[in-house]
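I'd like to ask you about the structure that follows.
Which chain is which? They are A, B, C and D, in the order written, and residues in each are numbered from 1.
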């Protein structure tokens, strides 16, 4: 299994007057990496929504170890951390070009059906995620 | 007619590494001022959308005369600039606490019905806007 | 001690295509509430930065219990959760107009001097924060 | 001269409850395209700032012809529109994957030195820009 990574170039608009990328930008980058990872596994989040599903963020967290600057190339790795009946935790690591870790974070997502009620992950999707990330526990 | 104004306090996240509010923030502030102005005239944009209408931005422009800094109190005035059959132009002036003009801008909005097709502004709304802003020409 | 709260009106730009405020917006609202709370205690964060200090976010987390919609009035309470030598944890609760909790979160801040090195919180500031939030432990 | 283009994938956070990319996102995309175009011409904006220069936006405008949706691939072309003594206008066209124009816009930038005063563009930079975009008039 190769890691699923996305490349981000820090935008000027994402910096703040501290001269570094604002901490809220990392949640947006995690979202980009999540979209990319799911697409690579054959599950376009766009398509999931068009089919009536939704995966809203119900929890998130991030530890910042170093700063990112305008025009820096950031590599964000996304991986499935845990799969539960109606929830999925995705873990992220953002690194700079030299591999130094900038931030580590996670998001927990509910899986909702068209009536916005929690529902089990579609079995094929759960299987594909577990197959790719065998360390993600299940229940 | 009193001017319709909204007070904005510049957020840290809105600054960039130049140490001032990023220029894209002004479009967001104009949107806040637009929402407030329409609400003051009795037309909640939220309600308009719930009734199936939409007023997407089809054009915008902004001239920046001075910078705004984190924690600055900005006053944004919004006024109807021109009313046409299916379009409305709204003009904005952003000033600092001392009344110095920071930026002048405008947005042009299409008026769309539930099928996302251009439609005439509801007559009562057009009348209310013209009544409040007699200088806005009509066609 | 009265709670320190900030009122936020959800901006259109803060919504996403799920029709609710994007989860990253909460970090920005927490930042607004943090700025307000510190100002109420006599410590303008703007002034702290002008004096050469910085309080970058080194960790953050947020649990989302309910959604916020465009034009909703949100009340964000900020309180000092823990004071340590060179770090401060601030806790937040975002509620809707009826008092229903939408989100609970926290940010941990390093306290840096002009050379961007960790330093002890200024004693008067630490005392003021502890005085206002006696439950915040210390070390 | 090949056109200078940047590819953007619309982020979820950039959508709003209308289900399309928020109009302010275009200014951010233009900024990405501007950074890329200058870099392709040998002028890293990051480096320009490190050398003490700044090119703040003093005016901007955008016409929206069609909408962009989450996960859409957008191609933004940037080109020098006009070079004056201390100002540069950059023009942008955002197109979807099929070449359909979504938006046309521009930004005007002042060129400032380390004291934040207007200064002439460095002659080599002005020459390089004019060489690449011969249609940009000069004064």
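Everything that follows uses one rule, which is that a residue touches a chain if its C-beta (ideal position, glycine included) is under 8 Å from a C-beta of that chain, and two chains touch if they have at least 3 such contacts.
Keep in mind the model is a prediction, meaning the values are calculated, not measured.
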item	value
Centroid comparison with chain C (C-alpha atoms), farthest chain	D
Of B-D and C-D, pair with higher C-beta contact tally	B-D
Distance from the mean Cα position of chain D to that of chain A, given in whole angstrom	29
Separation of mean Cα positions, chain D and chain B [Å, integer]	24
Chain centre separation in whole Å, for chain D relative to chain C (CA means)	35
Touching two or more other chains - residue numbers and ranges from chain A	12-13, 17-18, 20, 24, 27-28, 49, 70
Contact set on chain C toward chain B in their complex	9, 11-13, 27-28, 31-32, 35, 44-46, 49, 69-71
Chain D to chain C touching residues, read off their complex	12-13, 15-20, 22, 24, 70
Residue numbers on chain A that touch chain C, as the complex places them	17-18, 20, 23-24, 27-28, 49, 54, 56-64, 67
